[in-house]
Every structure is written in C-alpha cells, then in structure tokens.
C-alpha cells in the first residue's frame, strides 16, 4: 500500500509539499529576461494548481503522466502557485496511490479483475467459458483503468471493473432468489455487457475520458460490443445459438429503443441483465448525489434522473 | 398434506370421480316430467364440466364453495357431463388441496406469512416495527387468499403473499451487495407496497377476482395503501418523517407517472423497491409465458411486455 | 383602508420616504472606526434597496417582518441607498397596506374567505357540509396569506383564496349551463382541491415561498390534500362513498398522469373541477404576461404555456 | 307540436301501427309467383324493421325520406315484419315529430338558431358583426339539421346548433367571471368554430352522417372553417387584424397539434374557446355514457376518454 | 419468356386446365373403400383450390414445389375441385412463369441483379468495391427470390432486389441534384442496407415468408447486416474508417430509435439512404393501396401509414 | 458581374477600403465640442465595424441600405474603426455584388426564378398552370430576396428561390424513377409549398429577417399559403378538386402534426413533396454544419437535428 501524501488543498502558504502529482499541462517558456522555465498545471484529487520550475534545463513532462515533486506553496496574484524545487518522472519502485490523484474505484483493479475472471472460469458450458475468458484476456490491459462513462455513473479510474464486479454480485444474489435463471448465462452477459465501452471512449491510463471515439459516436458500445463478441464466438468455434443469445443480451441491455437498444430483452437472463445494470447505475448516482448534502435536505434536480433526492434525518439504518 | 385426487380432465367415460370440486354455478331446475334436479357447473384446475344431480331434494350449493362429490363421467350431446351420485359441503376435518382446484402460490400461505412476519419483528426502529406489525395484523385474514392482480402477474390464490415474500428475498439479497441501503426500511416498503390491493380488488376466498372495487377504480392501490399506512402511522404514534417516507415509497413504487406514480422514487430504498417490484413481475410473467412453448421457439407477442419471448434450445443451465 | 404611501421607486435623491417596508435582510455590523451600525435590505413592491441606520444601539429587525421607517434616499457607489433616521416594529393600530409591499390578491382575504365559507354553509348534504366546514376551519389561519404556487399562477399573498374563490364563481356559472351537475359536490371539490398546498410549500405570512416542504416534495399537494380530506371525513363520520369521491376529485384534478394525477377524472364533477382549474390558471398567467406588452405585440415564449401570446391592436371589447 | 305516435318497439304481434317512419332502404321485387311487391327497411328511434307491401303498383319511396304508414306487425322466420296496408309520402300539413325517428337535439333548431342569431346581432364592432351575420345566413339552411360529428359528441340532428348554443351560454357565464375577456370576440369564435363541419361531413336532412367529404378528409373542418371565414371577412371589408384573429381562433381551437391544431391558442379568448369546447364535448359524452348504467356502477372503458366512468349511489344533488 | 397459362379463377366447370401450379399441401390418403388417392391444395396467383388425383400410385409432391398438371375443374360440396389426370414435377426445359403463381417483382431477378452488380463494379475506391462485390457474391443465390418483408412493402418474390434496384435509381437521381454527395458511398449503402433481411426471414424459393428466424427476432436485420458487413470488410482488408461508416449506414437507416436504429444518420449519405428507403417503401405501399379503389374515393385507414389515401378523379397526369 | 471588393476583415490598420457596405445602424450625433458627425455600424459578410464620418453635413443613410464608401481602417479603444472619407447612396449603374455583403443563394435570383417559371409554363392542365403562374406573378418581386427561414435552412437572401428550385430538380429526378407520379402536380406543389413564408416573416430586401409577422405567428405559412392558393384558385376559376388537392399538399407538407401539419399526406405526390422538402432542408443544414470542421472530426450537437455530424477522413468521393 502506498504511503499517504498530504492533499494539495491542505498545504498552507510557504509550506512544503512532497509527493506525486498528475500533469494536466506542461510547457517550457521564456521569461522577459530570456531565461527559460517550466510552466505546469498539476493536480491531485483535492485541487488543481499552477506550478513553476525555474530551472530552465528541465524537460516538460508529458501530459497525463505522474511526477514526483518537492515544492513550496506560494501565492501569485492572490492565487496559490507551487514553486517546484525537485521533480522527476516515475521510477521503478515508486509506490503511487493513484486514488489520491484521480477518482478511482474503491477496490484495486487486479482484485476486481480476479473476482470476475474466477467467475468466468467456473462457467460450465465450455464454449461459453471460452468466449468469456478470451474476451477478458483481450481487454485485461485496458480494464485496469477504463472508466464506465464520460460523465454519469462510474466515471472513475477502473470504473468499468467496478460496475461489472458489483453487477456480478447482484447477479449471483438474484439467481439465488430465482433458481430457474441460468446463472452462467447471466454472469456471462454481465461480464460482456459494457466491454464495448473500451473502444467507445477515448481515455488515458488515469481513466480520464477526453472524448468519444469515431467508432463510439457512429456505432455505440452496444453494437461495438456485440461485434467483438461475435468475432470471438466464431474464433472459439461456439455454436450459433449461443453467440446469437449473447449478442442479443448486449444489444438489448438498455431495454428501450430510446435508450439505444434496437431490441428489448427477450429472455429472462437478458431482462435481469438490464435490471441489474439499471440498479447499479442508480445506486452509484444516488449515493454520489446524496454524499454532498445534509440529512433532512434535498439535492438539486439531477438531470439524468429528472428528480431531486432526499436524505433522511431521523430514519436511520440499524446501528452495527 | 391433502391426499391427491385425480384431475377431472383425466377421468374417462364411465369412470367414477371422487374428490373435491369448486362450484362455479348451481341451481335447482325442473325437468319436462316435472321432476326436480340440480344443474351445476363444477371445476378443478384441469377443466370445467357440467354436472347433474337427479335427486330433487338436494339444495343447490353456494357459488364459490367447495363440495365433495362422487360422480360418474358420462357424455351428453358429445360433451362430458358428470352424473353426481353423492355430494356434500365441506366438513370439519376435510383435507382439501386447494391448489388442485385453482391456481395457487407454490408455497402455503401461512408459511409465507410467517417469513414476512418474522422479518417485520426483527426491524430495529420501534416505530417502524409497530407500523408494519399492525398493518400485517390488520391484513392477515385476507392475505391468506388475496391475489396480486386481476390478470397479469401473480393472479393466483395467495398471490400477494407470493409476490411480497419473493421480493423480500430479493431485498435482502440486494442489501448484501449495497451495504449503504437501510435494509429495515426497504423491507418495510416491500411488505407495505401492495397491501392497498386488498381493497382495490373484489375477490373470493379462492383468490378469484371478479372486479375492481369502487375505491380501487377511483383511487388505486397506491393511494389506498398510502392512506392506510398514514392512518396506522398516526395510531402507533410514529414520527412524521417516517410516515412520509413510507407513504412516498408506496406512491412512487410504479416509478413513472404513466404507470400511476404521482412522484418518482426520491431516495435509494424507494428506487430499489421499484426495481425489485419490476423484477418480480417480469420474472413471473416471463416464466409463465415460457412454460407454454418448446425449446427453440418464440411465444406470441405478450401485450403487457410488448414483445415475444424466446426459449433457448442448446443453451442450458449447469446440470445439478 | 390603509393610507397610501409613496412607492420606493418614485423617491428621488435627497427626498424623504416615510412609510412601511418589508425587511428582506438585516444585521448589525461594525465600521472601520469600530462604530456599530445596522445594514438592511428593505423593499416594497416597486423595488429593493440597501439601507443603513448609523445608530448602533438599534437591534436588527427580524427578516420577513414589516418596519415603519423615516429615511432619506441617498446614493452610494452610484446605487440608491436609504439612510434611516427612524425605524420601529409594527405597533397596534398600524394600518399597513400589505399590497404596497408584496404581490397580493386583488381582494382582501377575509372577504374571499367569507364568500367561500358561506357557499360551504349552504351545502345540502350534512356530511359533505361538515367535511368542508371542518377543513376550512382547520386551514383558516394559513389561508389568510398562503399563495397558490412558488412561481407560476397565483404566486401572491392570499393567492390560494384568490384561486379558489374565482373557481367557485366559475363552478356556479358552469352549473347554470349544465343543470345535471351536482353543484354542491363540485363546489366542495373546488374548495378542497388545493388545500394540500398549505403544507406543500414553505411560505411566510407575506405569502413569499422559500421552498417546498419535505412532505410537499415527497408526496405533493394532491396526495397530501386527499389524506387530510380522508382524515376529516372519518372524523365527521361521513359515509365511505362520499369520502372516496372527494379523494378522487383531489387526486384527479390534474387530469393526466404526466401532470401528477394517478387517476383521470371519472365523473362529470371531477372533470369540471379539472377544467375550471385549468381555466383559472391559464387566465391568470395569460393576463399577467399580456400586462407587460403593448398592443399589436407578442410576448416572449412563455415556458409554462410553450407559446408566445398576442395582444390585439384594433380588436377591442365593447366600451362600457 | 306533433301528435305522439307509438314507438315501433312497443307494438305487439297483430297490433296495428299508424304513424311516420324513416325509409332506410326500399326496392320493388318479384315473388316466386311473379307478383311484384315492395321490400322496405323502416325505422323509428326505437327499432329498425323489415316491411312488405304486397301491392305491386306502389313505387318504392326514396331512401332517407319519411313516409306515413298504416301497417300490422306480423312475424316471419321468428322476426318481426310489418305488413303495410297504406303508405304515402309526406304531404303539406303533416306534423311529423322527427325526434321520434332519429336522435335530435333537445330543443327545436329554430329556437337555437334564434338565440345564436340574436347574440350575433348584439355584437358591438360592426365589421365583426357583419362577418358573423353573413356566415350565419350562409349556413342557416344546413344548420337546421347538421350534426356535430359522425360518431362521438353531438352526433344527432341539429347537433351543431346544440353544441354551439350550449357553448354560447358557457361563454357568457365565463365572461361574467373574467371581465377582461372580450365577450363579443369570444362569442364570435364560438359561433364560427365548428361551421367548417357543414362541409366536412356528408349527412342528410335527418342529420345522419354517411361519410366525410373529400374536402373534409383532405383539409378538415378547422382549415375549411378558417378559409370560409377569411373569404367572408374580405367580402364584408373587415380589417386584417380582425380576420387573422378569427382565423387563429378557428385553427387553434383543438389546442394541441395531435388534436389537429397547427397553432396553440395565443390570446385569452382563443384559449377560452378551446376550453369550453372541451367542456361541452366532455359533458355530452359523459352524460350519454352514464345514462346507460345504474348508480354505484362503472361504465365500460370509453375509448374517446380512455377511462371508465362512475355513477354515484349515495351522493346526490340537492333535491329541487 | 414462358408461355402464358389460363388463370385458375377463369376456368369454368368441366373445363380442362393445363399448366403449372404451386403445391401448398399434399398427402396420400385412403378412401372408405380402401383405395388410395392424392389430396392436394394447389394455387396460382388467382386462387387456391383443392385437388384430387385418384391414381393411388403417385407420390405426393413436396410442399412449395411446382408441378405441371392436366386437370378438369369439377365441383364438390358446391366448391370447385380439380380432378387431376396427369401430374409431374418440373423437368429440365420447363419454362415456368413464376409470376403467374405468386406475387413477383415486375422485372426478372437476373436483370435487377445485373444492374446492381454493374453499379458495384464501377465503384472507384478499391476497398469499398471489394466489400460490395463480395457481399453480392455471397448473397446472389438467395437474392433471386428473397422478399423484402413478411407483410408490408415488397413482400413479393425478388422483392429485395426490386427494392434495392429502385433505390439505386433514386440514389443516382438525388446525387445529380446534390453533387457534394459521395455517390459511390451512397450506392454502396443502398446495396448493403437490407441484406440482413436474407437471414432475418424464413422464406422459400417462391419468396413466401413463413416466419422470422431466431437470429432475425433476437438481433434484427440492421444488426445482422452490420455484422456481416464488418466480417467481409475485415476479410478484404478494408480500412477501419470505411468499415465503420458502412456499419453506421446500416444501423442508422431506420433513422429513429423507435424504428429500430440505435444511432441516427450522422453524415449526408447516411441521411439520404434513410430518406430514399422511406420514399421507396411509401411509394410501394401507396400505389398498392390505391390500386384497389376507384377515382374520387378513399382507401380504408392503412395501419402502417396511419391514414386513409385518396385517388384523384379529375386531376390527371399529362397524357403521353 | 460585379467587380470584387476586398473583404472588410482583410483590411489592415491604416489601409484604405473602397467598396459597398450594408448599413446596420446610423445616426447623427454631436461631439463634446458641439461639432456634428455621423456614427454608423457597417458590415459586409466578413465582419461588422463601427464607422465615423466627421463631416457634419452628411445625412445618416437609412438602415438596411447599401452605401458606397471610401474609408481608412483605424483603431479606437483597441477595436477597429473606419474613418469614412467619402460616402454616397447607391446610384444608377452601380454594380453591387450583394453576396459580398450578406449570405445569398449561390445562383442569381432571376436565373432561379426563370427555371421555376418555365417549369410552370410547361404544365399541361390549364387550370393548374394558371394557378401557378398567377401565384408566381404575385410573389415575383418579394421572391427576389425572400429567405426561407429566420434561422435554420436557407436563411439567406433569395433562400426561398434556392430551396424551391433545388426541390424542383429533385422532383423531376424522383418522377423519372416513379413514373406513376403526376409530375405536373408534384412540381406545382413544390412551387407553392413555401410561398406562405413571404408573409410569415418580416425581412428586408437584403433577405435579413427581423421577426415573424402577426399573421405568421397566429396562422403559420402552411395555413397562409393554403389560403392564398384557394383565393387564386377561385379567381382563375379552377375546379374544386384541384384546389382542394393543392391546399392539402400545402397543409400536409410538414407530415406530422407535431411539425405543424393538421393532416398527413394522403396521396403520393403530397408524400413526395414532404420527403423532398425534408431532403433539401437536411442537405442544407448538414453541408453548412460540416463546412465548419476538419476531416475526421465531429460537429457539436446540432439542435435542429438532435445529433452530431461526422466528416470522413479517408473516405472520399471519386476524383473528377
């Protein structure tokens, strides 16, 4: 576990900061006296700050990378400004806590990936298992940091793993209530359902989305995900019905055409996939919105939900 | 457990049937020779049949009651007709299996009621617990047979208990995935959410709905249920916030105004209540529709779902 | 009748104002030289103005109260500023014209209340009469100043009485055209239909709304009003059908689910209630919007009506 | 006033009927023995019946005309059949009560027309008055029998006068509540608003609609009525603003585009015209539907209203 | 060109028919005297008729095949019945006019295919040309008879070629008006846009659709067509942008989500593809509906268009 | 052809501009020293600029006129400012290129008008031809500059001619594909369909729209155009069916009620009119939006189309 560093926002004037920061912008510039210096925008989760490094020999670090700095918090034009005394790129052995720098899923990506992978390995139908494992292998690298959205729910580093692994738990829970459901099929659908987002969004290894891709704009992650699934299904030699049913689960998981699904869910596992996807998105958005207000109050209207939310004052869960 | 009787539909010509049947219609009539006889319509789950009892001294049994008969299956105008030799009303000690006569929930009502009642008794907040227990006590008698709908999902004897107890299991399962949910509040919402149906529908003790009540037509079970809940909340002296939040859960559990909710769910437990209500209704309707077709086929279009459903051929759950 | 005072907006530089003003904000502060003074925001209908009272011994009046002041209109930083020479709280015998301070219904509240109350007293059906009279008694105090909305139609002091009493006149007028209507039932519906707003909105005795209440947000005035009506119906021992029909009129008076009604109007008096409610709201909003433009012109698009409005140039009503 | 005749449905076997009947179909035919006879379908409001007149010399009367007959009610193939002994066309001096033969407005057309005409004559603005009087003159003949619809509200002889004259009373009633309304303009709008139906529908002098006209199908009565109004406005030399405002009232009186209005009402009188049109249609449809059921019951779902209606049992208007 | 045969509907009693008929049902049965015979249902475009062949040695032909028969038209139970004297399967050299037997496109399939193929061969971009030619080759065989719909527009043998080739003409015509359009891209989109229907529908070589396929129901021809296109695009090594744009044209060509498109057209050629698809469907449906009525009349309401259609009486095109 | 002048935006500091400019505002004012001068806002297509003419004897030119100026580009308060040395109104013989001053259709108005007029002259049906020619004559003057919209498609000088003449080409192209269409009727519909915009919008001879007219707001160009058409139809003595069909084409050409059409297109030519109107509007808007971005990029969301648009990078039309 990474050693905790001070949040930038807690550093007072003239105090020294030491730790890792994310580079949002960086360029070498020349002062009026001709001397060269570095002008940077650095950030952690708590704030974004302008920084100067007066040593004209230092190269500007790449945008989106993490640097280790020692710096003093000054003030310029009544705004905070960091004067960097030492700065270097990440080196082997550095133990950065990325969640101090950008919004991250609450669990480490490898732990979530393992949970998902182990569930996939336990699938009984060999063709189905081969499809899922192959798709997971293909996506493994990007899944480490891929978020699940540009804004809205799970727009955080490893958000796609977060969303998928939580849904996997819901899927298992629901299957215990409705034993006629094919649990392997449902879990396969959960694992696959948003993998199309990996190529729908442009994001960096911090999980920060800059834009939709051309493919994402023109096709959308439902159609993209179904196409990748079909390709892999053919590659592992799976039977047609299995491939078609999985494609159906992908394109139908938004339920209604106005949310992008060309077909509604036409068998129980496809329906449950849609419902637990809705559930997880709603829980994330509601909890996030409610975290910002006091008990007894309402949030502002939340546009994605078209309503205000209430945080109870006297109604409390059972104490632990 | 009741001794199993032969389904009416399996009795062949001239065979004797002995067992319990439901009276759908009954009247005393006079033949052309002036002799009096009983003309009845009797049924079990397998079929409905005309029956005659030529003994003019027997009183017609009341519609909707169960009678024990011994009879022979004859044919009249190429349709089956029962000739009743013996018939009597139910007596103490009769051990009727009602599920042989009408669609029934798969579990006995007292078992489902106990499960629900025990969950209610475990609620930590005293005011909340008192509300739920009082409402359960008030409704206990009718819950034994009340269905959850006129047509559509859970239109079966004890269907309301069936729907509620399944949702209670889902509620617990979901709370284990999302620990910030107030499980007691959600379970309270589940128990209360459809109790308004008890006075929305006209049904007999077999769980057969004849109609909506005046109150059901003019108010609907959301508003009815919220009004009863408010009354009981005041009676047990519960605090205002608690009563209002429960009323909100009742009136918002259909989510959208076009489905009858004047407000959308405005806190997480209200949202989850809506989602698991939807889930249970969909699972019931889908399983019921799929039970009538063969693997590899589609159902006809199901109007309440606005789609056809598919039953897989080669995609199967893990064998036990 | 209160003596008329000069509108603030008509007071010129160095002129003295004497009269009643509404306190929108007030606090005691210290100047750079340490001397204490009062800093206030005061208003009448014509404008809001900053005011200073340099006498450090005076307590800040409560927000929302009315004060009597003598002051001189000065200018500070090219904005008007009142220098208060004398200020006191309202005293017995003060004859304030509230309509000079905030938007008010065009008739005094007690006159409108009497009109409504007399109509209620003339109801023939004793149970119905008892319900309405009891509800009026309960709400009498708040009706004096309750507005009918936060924004939109009748957001003025006593706006709820204004809206209700105008609709009562329409109800009588319509009943004279359609004699099969039950006039008592319709008038009862009119009187009750928006009483739920009394607890839906947070407002002060000036009729200024600050917010929705928790109950208002979570339930809405339709459900709230129906619940209060049911309670009173039970208290006066009214028969069930009467209570249910009145509840129905309350919850259906917005007509369509997308406007918040879980049921559409299902008998003629409920339908007429909806129609004259719509009529009164539209007349208020249209007249208000048209009062701001010149003949031959169009208003900007009015969002609640989704259209522009036209004020005729040569088409005029019959001169009196 | 016409002498009352017996309703056909009350004539028993072998009883003689004497009175006026409407010809729905008529043709001369030949029997197996070569003799010629008349085969007719005749009706009054109570029933439709086959009739034979065995006198081969009588010409078949025209469809849609009224005949005076003396006939005996017989039976053929267990259905009633009239044997006509005497039959003639209407003659001068015949005093037929058309309302015994087809659904008619409750008041005589000339009385309703006079009420409307007198209101038009009292319009203060000369140009407006001239437009309305000219349109009334043009339509006078057809207004005597024109219905207001093919099915739905006011599909009865003189139904258009019925609908218009009732709305005129509502218009006056509403203007007394909202004195800023231009009563002459509103009444002019009421008189004009459905005159386009005169050429939208194909109907006979009994007020029975057979079809829409080509013009009615391709343009609809809003556009047709506006075009006729514009023509007359130009003919009487009215100013442009007046013509445009009246055209607007015609095309906007269905309010929403999905009900056929290309523009929504954009001044108060246009809005009120829409609202009292809606009111009158709803009152007619609701009263008609409720007239067929018993107190305490609901109608079937009424498709034009998308709901069931309730007729109260214990809630009654004040006795006269 | 095939020699014309008499339509079945024109054959009178005792007349001999000689020609080709389509087998809709056929089985060998035994008469009461034990003798075996063939019982068939045969049809051409004009009618369907029962037929018997009393020669018990003949094998029943397969359903959906064409047979050559010589037969006499008799009558049995006042219905026409064919007595077959000679019958054989199709043989080499038989020159059947299929359009006499089932609804067919107005031009021969090979002519339409050639037109399409030649246009594809003229595409300038090599990768694009290779994709289209390969897809055409793959589908060539089924295109000969594939219809374009189960009901609705172009549900005729070779209807898919008919629809595609007409749209190709419209595409060229539109490109001459809007020269900035990429004509090759648009024509490629036209050729590909409905190829997914080949595997969406179950139909025989007569172009008669029995059903949707499993794949058709679960995915739909937009997603199916896009998947096939992507596969071929990869196979011919086309660049990504080209494949994505073609996929986009396929999935967006129904324009709105409620018509099944998960994305709306996002570049001009995709938009034009949608518009000329709409145009061709509308022209087919309108012309088909109008062919059944007389000038000056309206069709019944056409459900797919939600309107009636009018056929002009005096308004005529320029005579040739 | 007018001699080309330098775009204002390309004139640098102290450079002299000579050419024609459009007057957007102009007034005579007095300086602090009492001397009078002209203060103007002038523009061409490239920019708008403040201008001063210090000669106090010159009259302010009228807003919306074109002036010829010789001026020097200076700077005042770091914004460009023209100092006018010479200025005069347009004179006979001036050869102004209006397209240098405001957005104009790509072809000269007289050329487009001729194309349209010649097509109208070739109409075979005399009554139809007379209607169209008379309407064209009536509108000729305003058509020279009338735009087709306030914002959106073809909001340019002569935009109405541009839109109409392009649609005329599409109409001819489509008629060559569907020979059953009545080409004269369709072309007549195209010419008439938007003529109502001439009186719907307030615009000057530069084609700049300031507002909707009263008539335009209250009736809209569909109803206005149909009324003018009907008047001319009566004036030239055309038969009723022809007038009604043309009125129908006008009021139905927006297709759906939510786009303002009280009736949907009910014969093929009306349908095609709607489709090519849609086509031309979409092509204009898409090409305009795409002209502002680089290949491989997306536009921002375009509100009238509710989508982003893509400009291809490697997919190119056939080189000429």
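Couple of notes before you dig in:
The chains carry the letters A, B, C, D, E and F, assigned in the order they are written, with residues numbered from 1 in each.
What we mean here is this: a contact is a pair of C-beta atoms (placed from the backbone, for glycine too) under 8 Å apart; a residue touches a chain by one contact, two chains touch by 3 or more.
Please read all numbers here as calculations on a predicted model, not as lab measurements.
For the pair chain A and chain E, chains touching both partners: B, F.
Where chain B touches chain C, over half of the residue numbers in use are shared by the two copies, so each contributes mostly the same positions.
Rounded to whole angstrom, the centroid-to-centroid distance between chain D and chain F, based on C-alpha atoms, equals 48 Å. In whole angstrom, the spacing between the mean C-alpha positions of chain A and chain B is 44. Centroids of chain C and chain E (each the mean of its C-alpha atoms) stand 67 Å apart.
Among the residues of chain A, those in touch with two or more other chains are 214, 217-218, 241, 245, 266, 298, 308, 310. Each chain pair that touches appears in this list: A-B, A-C, A-E, A-F, B-C, B-D, B-E, C-D, C-F, D-E, D-F, E-F.
Put simply, chain A touches chain E in their complex at residues 214-215, 217-220, 222-223, 226-227, 230-231, 240-241, 244-245, 247-248, 251, 257-258, 260-263, 266. Of all residues in chain C, only 212, 214, 217-218 touch chain A in the complex they form.
Chain contact summary for the complex, chain E toward chain F: residues 124-125, 128, 166, 169-170, 173-174, 176-178, 180-185, 239, 241-242, 245, 264-268, 271-272, 275, 278-279, 282-283, 286-287, 290, 298, 305-319. Chain E contributes residues 296, 298, 308, 310 to its touches with chain D in the complex.
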